[in-house]
Structures are given as structure tokens and as C-alpha cells.
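Down below are the structures I want you to see.
The two complexes that follow have chain A in common; it is paired with chain B in the first and with chain C in the second.
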Partner chain A sequence: MIDFAIYSVTVIAIWSVLALSLNLQFGMTGLVNFGQILPFAIGSYAAGIGASLGYPWWVGATAALIFAPLFSLAVILPAQRLSQDYWALITLGAAEIFRLTMLNTPSFAGGADGLNVPRFGDSLTALYVSLGLLAVSFFFAERVSRSPFGRMLRVLREDEVLASTLGRNPIRYQASISAAAWIMAAAAGVAYGHFSGYVAPTSFTVTETFIIWTAVILGGPGRNIGVVCGAIIIQLLGVSSRFVAQWVDLPSDLIANLRLASFGLILVVMFIYRPQGLIPEAREVHDAERD
Partner chain B sequence: MRSWLSITLAGALATAGMLSVAQAADPIPVGVIANLTGQDVKTSLQMTRGVELAADDINAAGGINGQPIKLIVEDSEYRAQEALNAATKLYTVDKVEAAIMFGGSSLMIPVAQLAKEQGKVLINTSSSSPKLGEYPGTLFSILPLDDILAKDLGNLVAESGAKTAAVIVPNNAFGLGVAEAAAAAFKAKGGTIVETVAYTEGQPNYRADIQVLASKKPDAIITCGYGDDSRTILRTVRELGIDAPWYAAYPSILEVENPEWMNGKLSGVDNGGYAQGVGKAVLDKYKAKYKEDDILAHVYYGYDAMMVLAEAMKKGGTDAASIAKTMPEVVKSYEGASGKIVWDDRGQRIDPPLDIITYKDGKFETTGTKN
Partner chain C sequence: MTEILSLNNVTAGYGLITVLNDLSISLRSGEILAVLGANGCGKSTVLKTAMGLTRVTEGALTLEGQQITQMPAHERAARGLGYVPQNRNVFSDMTVMDNLRMGAFLRPKQFARELEEVFNLFPRIKERRNEKAGNLSGGERRMLSIGLTLLLKPKILLLDEPSSDLSPAMVDRVFQSICEIHETLSIPILLVEQNVNKALEISKRVCVLVRGRQALDAAASDIDTKHLHALFMDGGVRTS
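Right, the complex of A and B next:
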């Protein structure tokens, strides 16, 4: 049982980093990123390609941390004059383009067969790396949230025109926070690659992006501790429902469908009765002169 | 005093006897990982039912040296993360020594890595990636490798008299493996591949991918696929007016879209040996228990996977190391629902019995056999 607990906490930590990354973009800044799985995939593939070329793990990790922010700028800068609806479409499309590129370049990225990635030496190493990554990400996200920079991100989220009238360049803030958020997600992707030991295009679909979104919306957009709680709940629901299903003496296919249905039902009920999230963003009042 | 001693001794012996009976009757957990939700559910569910039928037979015959089999079925949702969740639960919480799995290589390989790390056994009933051979002693395949079956498919197309062929396959390890091996065999017999379409699964329409075939006018179409995608592909080809005969790897797992149009036009190579012996018995049991006639090959793979595992447990012991050691020995004398199973030294199935089947009057007929 302890092995399963270690495994589950590792998974939760990795997905919490992804949720924090999306929270920086959507929760704080209002950037609707429907391709959040892209930086995660970049991280995993960097680990996989680095390993397939015979490089040590840190080469893949470094490549991920370099390429992820560059990709974020390549995706976001062309969209700077577009509204949020288009951001959603562009990021969604970019993630699919990346996935299909990996699928159709077997000599480089393994294609449909995917790539093997050296696994962490043992489960405790995976746990410590993932928790360490979560701690660093959470600390960073909190620092951003409480800083003047973070307050300006919230101004942008509420009203871009207002931010501009204050003499701020919205796209600079948006690009900066996106680059930072994508580095976090790419680092989670590297950890995931070494944790699962394998990367393939099927692991980075739109479904995964919406699992991250569910965690953020459930936990409370704009609140770091909230989205971490959201990620914990989403992952624990998935894991715990397996044990509940095992106690019920019904046909296996019916149990599988009931399990997913109950999972969805819980989320729908949460969204109806707690639309602001479990731990909503706190209203803050600042004295401009003292700040 | 002596009578009290006798009673106490008798009581102790009876208790010990009851305990040993209880221990002997403790069920042996066996894991099953299948995508019971997500994509390709029908095939996956039938594999699971095949395992259940085998477990019923084993338990009815006294179990594994007196211990019944207890199946623990976990859903993978056809997602790698959930497959890992399922496998980790089975191996570390439920303490299964072996799991039987349905799923593509993107699910099977990470689970195989986990099984190897945990010192457990994984039996594959669905995936055919060459990478599966990298886990000898951990991963054993009941499903034959695609390149064997696809080579016969390529030969079948050439023997039909076709000089040109187009290939339409899903862009995944299964599809690309079939495409490569079938095309190589066809070309080796003088045929020409005029076009290869590797489509991305899950699209509502494949007209853009397939349109190019209309001008190439191939004598035959080589294909493989499953589920709703195969139905959409067939409909698109029919709507484009392409009237070439179809040759498929595992034609029985295609979803025939228009039985009238497809009548006599679809044939291919499938795993053989189901029509008689154990296969026939499994078919009858399946129909009786699940009230279904539309049965796919994966019922037999699931059945054979459980049976081979049970035989290994009976003869060598129920721990993973013993199972891994005994299974290759057991399989040599095993005549299963999917025919005789021959493994190479990595535990991958080679040289399976094959049937050539043709779609006629709404069902498949066996028109040739290769043993």
C-alpha cells in the first residue's frame, strides 16, 4: 500500500505543477490556454529525445527548459492583437500540431511507437523530485501572486485597456508570465517522462489539457493553494474510485462506466454549488502609496 | 486428564485443519487491465470476457491446486496515465503476480516497464509493437506479431491478381506495422503500392486523406483498423466511388459500414483455429453467457492468456518469478482457443495458425487456412 501511496503522491505532485502553471496564465492573467499539454509534452519529449540520442538526463532537461519558453513566445506573440477566444484556438491548435509532428517524425521522435525514457532509479527518487518541483513551483507562483507584477497581471485579466492606460504593455506581461509558466510545465513534463519511462503522442491529447483545466476550475482560479487542491481532488477521485468500484459486484464494463459517470457527477455538482472553486481567490485591498 | 488432553488435541488439529483448508481456498488474484471506456471498447471488453470465461472454467475444475482465481478488472480509459494507475494498484495494493492487458503500445510499454521494475508478469493480448520484445521474462504476448500476419496479407493480395494496391491504415504502431510488412510482401511478388494513407484516428471524416486514391485507381486496398474509425473510412471510400476489393489484417475487427456494398468485397487474414476444438467450445460458452453472436478474436486471446497463466501457476507456483520461468514451458504443450502458441525466446508469439476469411451475406466465412 505504501508503494501505491508514494506513486499517487508523485502523480499528484506532477499534475499540481501543471495546474499551477495554468493558473499563472488563466487564473491570474486571464490567458485562455487550451494547449496547456504542449509545454508538458515538450518536456517529456526533450527527455525522450535526449535519452534516445544517448545524452545524460540533464541535457534533455536543459533543452526542455530552453525550448519551452521559446515555443511559448512563438505561439503567443503572433496572437498579441487577437482576443481571448483566438488565444484558446491558437494554443489548442499549437498543441495538436506538436503532437501530430511527433507522431509523423518516427526517425526523430519515435512516431507512433514513442520513445523510451530512463526511469527514475526508484519510486522515492521520483517522489522527492516531483515534490521538490512542486515546492519550487508553488513558491514561485506565490511570489508572483503577491508581487506588484502579479497585481498587474490581475489588472490585465480584468481589463487590458485599463492596464494600457496605466502605461503598461500587456503583451510584455503576458509573454513573460507565459514563458515562466511554460518552463514550469516543461519541468513537470521532464519529471513525467522519467517517471513513466515512455513518451508517445497519445499521452498528450486534448483530454489531458482538460483534466488540468478541471483541476484549476474546481480548485479556484487565481488561487495557488486552490488549484493544487483541485489537482489533488481530481487525481484522488480517479484513484479512489478504483477501490470503490472493486467492492461493487457488477459487470466490469458497467463498473468502469459508472466510475467515470460518478466522477463527472461529482464535478458537475461542485461546479453548480461552488462555481468560484473550492478555495476562491481572496479579494485584496492595497494601499497604492504604501505599495 | 487424558480425555481432556485428547479433546484439546483433537480441537487443535481440527482448528489447524480448518485453517489449512481456509488457506488452501484463499483466492489467487489475477489482474486484468482493459480500456472499458475510451476507444476500442468493444474489442477490449470481449478480451476481458474471454479471461472471465477461462477463470470460470479454471474455478469449476478446482482452481489452482485448490485455490480459486479471483479476477480484478481495472479500466485504463485508453490513457497511459490511467493504465499506470491501474497497474500500480494491481501490483502494489492487490498484490497480483501477473496481469493480463489489452491496450495499444503507448499503454502496454509503460506498464511493461513498471512490471519489470516490480518483478511482475504482464501478458499482452492486443499490442504488436516491436518494442514489446524488449521485456523478456516480464512481458509475454498471446497476440501474434503483426509482421507475420501482414506478410501473409501481402501475399494474399498478390495472389488475387492485383498489380497495384493502396494502403489505408491508422497512424499508430499497429497500422504502420501492418502497412510496412504487407507492402513489402506485396512488392516482393511484383506488386506496386500506388499510395499509402496513414490517417489520424478519431476524425469525423477522412475525405481529405482518401481523395487522392480516386485518381490512382488501385486494383486492391490493403487495410487494418477498428471501431468507428474503420466504419468512417469504409463509408468515405464508398462515397468517393472507389470500388476496389479490400484486404485487411484482422478483417473481423473492422466495423462493416454497408453490408450490401461490402458483400464479397472484404477479405483478409485473421488468426485461425477458432472454428474447432477449444475455440468452438469457447464460442459456445461466450454465446451462452453473454447472449452475443458478434465475437472477435480477442475473446480467444483473453481466454488463452488466462489458461496459459493458470497452467504455469499450477505447475511452477504462483509467484511472478515462477510464472515467468514456467510459462514458456507450459505453452509448448498448450493447444488453445487461438490454436497452438509458439513463442520466440523473448515470449513473443510467432507462427500462429491463420485463416483467410471473406465477408459474405453479412458475416465472415473461412475460405482458407494456414497452420
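Right, the complex of A and C next:
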């Protein structure tokens, strides 16, 4: 039972980092990223490929933290003149291109069989690393949220065109926050790779992006503590479905599909009844005291 | 008077839709140029094109003799183009003060002093400085929008229908402020307006558009409103 609890908390911590990463992009800045799993996959594959080439773990981790922001710029810069709808499609396409590339390059990335990644020494190490990563990510996201830079991100979210006519360069802000968010997600990917001991294309499908989105929408876009709570609830639902499978006599495939359906239901209910999420972003009226 | 902003044979629009056809307009220093025309003729698109918010397929734009055709909007703002849109012209979720801070982004050190100038021009904005911009009336929002654009210290003001959706009394106040800005700060103004009488009252020169093309360019004092009606038989011009 303790092992299961440690496993669950580790998974929750990793997915919370992913939710925080998406929140920086969508919640604060309004960037609709439907390929959020891409930087996570970059991190995991960097860990796996680094290990397969015989390098120590930190080489793969460093490569992940370098390549993730570069990928983010490669995705966001060509899309700068397009609307958010297109940005969503481009990120979705980029994530699929990466996954299919990994699937079709067995000599480099293991193909459908995937790659082995050296595991953390023990489950407690994985737990501490994941919680440490979550703490750093949360601290960073909060600092951004409360800074003038964070306020500017919200301004862009509200009206990008008006901000640009006042002399702000939206792309500079969007590229900066995307790069930071993708580094965060890539770090989560590295931790996940060493935690699970295995990376394969099946772990990085559109479904995973959908689960991250569900956590953000459920918790409250724009609110860091909210999206962490959203990730906790979603992952608890995920791990608890194993117990449901023991209680009811249903095939495990069906249980897995029902779990996804329940996430979809959560999204629909939240969009209709509580679009601001369980813990909404504080719509502060800035500086009333200061002036 | 020297030409400060020029659109030379510009064809521009949105996506695949062309709105302006081979249009040439010049704003000269020290003048208010009114762009008039029926609804849908492309008046607002002139300002958006000047600001870099449309797709220019032909022609060129110059600001003080420098090419700006491919320049993004934020760089045009930095070079002195101050654009006041008709709609969505303030950040509704932010306070009046925070909106004004957005205008001071490029020149933060002068904010306190220049803020007073804006407050002198729009005392009503000072009274409501701690309220959310979304709670302001239409006229107050328009004043705030002009105020935060003035904090950019623009060399040119691009005003998009400042009288729309305002009561007659508020229209008078806004136009009075526009004249004051023009006279005291000596800023040339490119004004797009539906209210022909008001536009003719304050402008020096008038350019009339018909379906994205220039149909008339004349001194405001020479304009005969009957001639305007003849130009816009399809309606959309308010002369009273």
C-alpha cells in the first residue's frame, strides 16, 4: 500500500508540473497548445536516447532542457502571424510529427518497442525528485504570475492586438513564456522517463495532452494552485480506476475507456457550469491602494 | 506642409478579402485629415493598414519618409503612431490606472508627469482612476483610450470613429478634447468618422472613400454636404 501511495504521489507530482506548464501558456497567456505532450516527450526521449548511447543521466537531462525551448521556438515563430486556432493545430501537428518520427526511427529512438531508461535508485528517490521538481515549478509559476511580466501575459491574453498597438511585442512575450513552460514540461519528461524506466510512442499520444487539458480546465485556468488541484483530482481518478476494475467484473480495456470518457464528461460539465474552474483565477483590480 | 504619413497606391485587406484598392492618402504635419465614407467603404481599414494590422498586397506606406510597409504594429507604435480603435480600445479587466501604465510602457520615466497632462485633459478619468475600465461609460472609455495613447507621445494620432455610440453631449466633449490635443500638442490627426458635420467642423482636409477607393480629396471648407450625399447614395453618412 505504501508503495502504491509513493507511486501515486510521484505520478501526481509529474502531471502537476505538466499542468503548471500548460497553465503558463494557456491559463496566463491564452496560447492554445494542443501539443503539450511534445516537450514532455522530448524530455523522456532525451533521457532514453542519452542512456541508449551510454551517456550519464545528466547528459540526457541537459539535452532535454536545451532542445525543448528550441523546439518551442521552432513551433511558435512560424505561427506568429496566425490566429490561436491555427496555433492549436500547429502544436497538435508538431506533437504528432515528433511521436511518429520516434515510432519510425527504431535505430535511433527504439521505434514501437521504445527505449529502456535507467530507473531512479528506488521509489523514494523518484518521489523526492518529482516533488522537488513540482516545488521548483510551482515557485517559478507563482513568481511569473505575480510579476509585471505575468501581468503583461494576461494583458496579451485579453487583447493581443491592442497590446501591440501600444508598443508591446506579443511574440517576444509568447516565445519567452513558451520556452520556459516547455523547459518545465521537458524536465517532467526526464523525471518520468527515469521513473517509469521506459519510453515509447504510446506514452505520448493526443490522449495525454487531453488529460493535461482536463486538469487545467478542472482546476482553474490562470491559477497555479487550481491546476495542481486539477492534476491531483484527475490522477486520483486515474489510479483509483484500478480498484474499480477489481470491484466490478469489467475488462480492463473498458475501464480505461470509461476513465477517458469520465475526463471528457468533466470537461463538458466544467465548460457548461464552471468555466472558471474549481479554484478560479483572482480577477484582481490592480493597485487600488497603490494609487 | 510636409507629408508625415503616406499610403501610396495601397491595396490591403483581411485574408483573401481586399478592402482598399490602390488607395493613396497623405497626412501632412499640423493638419487634421478626416476620412469619410459610407459603412463598409474601408475607412477603419485605412487606420488599421496605417497601424500594420492588415495584409498589404500592393503599394507602400511611409512614416516621415521611412518605409514602414512591412513593419509590425508594435514597432510602428514605437515610431510614433498612436492608434485609438473604435472598439476594444481599453483593457476591460484592468483598472484605469493600469490601462494608463500600459500606454507608458515605452517611456516609463516620464509617466508621472505625463499622467498629469492626461488627467488635465480628461478630469473625469482622474476621478475614476481606481475603477475597472470595463465599468466606465462609452465616453469615458473613449477618453481613457485616447489618454493611454497620448502617453505613448505619438507623432500622429489615428482616431477611429471617436463619436460612435456616444450621446450628443459626450460627442461634443470628445471632439473638444480632440481639438485641444491637436492645438496644444500640435499632433497631426488622421480621423475616421461617421458624423460628417463634426468631422468637417474640426478637420482641415477631407478624403472621401467609396468602396475602398478615393473619391474625393479636398479642403474641408470646400466640401458641400449635398455633394457628399451624391457620392454616397447608398447611405451611411450622417450629416446632421
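Here is the rule we go by: the second predicted complex is superposed on the first by the 257 of 291 C-alpha atoms of A that agree within 3 Å, B and C clash if a C-alpha of one lies under 4 Å from a C-alpha of the other, contacts with A are read in each partner's own complex, and residues count from 1 in each chain.
Please note the rule applied: a residue touches a chain if its C-beta (ideal position, glycine included) is under 8 Å from a C-beta of that chain, and two chains touch if they have at least 3 such contacts.
These figures come from a predicted structure and were not determined experimentally.
> Tell me the contact category for A:I272 with respect to chain B and chain C: first, second, both or neither.
In the superposed model, A:I272 contacts neither chain B nor chain C.
> Figure out whether A:R168 sits in contact with chain B (first) or chain C (second), or with both, or with neither.
In the superposed model, A:R168 contacts chain C only, not chain B.
> Going by the contact rule set out at the top, does A:A282 touch chain B (first), chain C (second), both, or neither?
Touch status of A:A282: no partner.
> Please work out whether A:A200 is in contact with chain B alone, chain C alone, both, or neither, and reply first, second, both or neither.
The first partner, chain B, only.
> Which holds for A:M1: it touches chain B only (first), chain C only (second), both, or neither?
first
> Between chain B (first) and chain C (second), which, if any, makes contact with A:L100: first, second, both or neither?
Once the two structures are laid over each other on A, A:L100 reaches chain B alone.
> Which positions of chain A sit in both the chain B and the chain C interface?
none
> Chain A touches which residues of chain C in the complex?
Contacts found on chain C: 51, 53, 72-74, 77-78, 83, 85, 88-95, 97-98, 102-103, 105-106, 129-132, 148-149, 152.
> Once bound in the complex, which stretches of chain A touch chain B?
Touching chain B: residues 1, 3-4, 7, 11, 100, 103-104, 106, 111-114, 116, 119, 196-198, 200-203, 207-208, 238-239, 242-243, 246, 252-253, 255-257, 259-260 of chain A.
> Looking at the complex, which residues from chain B come into contact with chain A?
32, 34, 36-37, 41, 45, 48, 52, 72-75, 77-82, 84-86, 88-89, 92-93, 104-107, 109-110, 113-114, 117, 129-131, 134, 171-173, 175-176, 200
> For chain A, which residues are in contact with chain C within the complex?
The contact residues of chain A facing chain C are 151, 154-155, 158-159, 161-170, 283, 285-288, 291.
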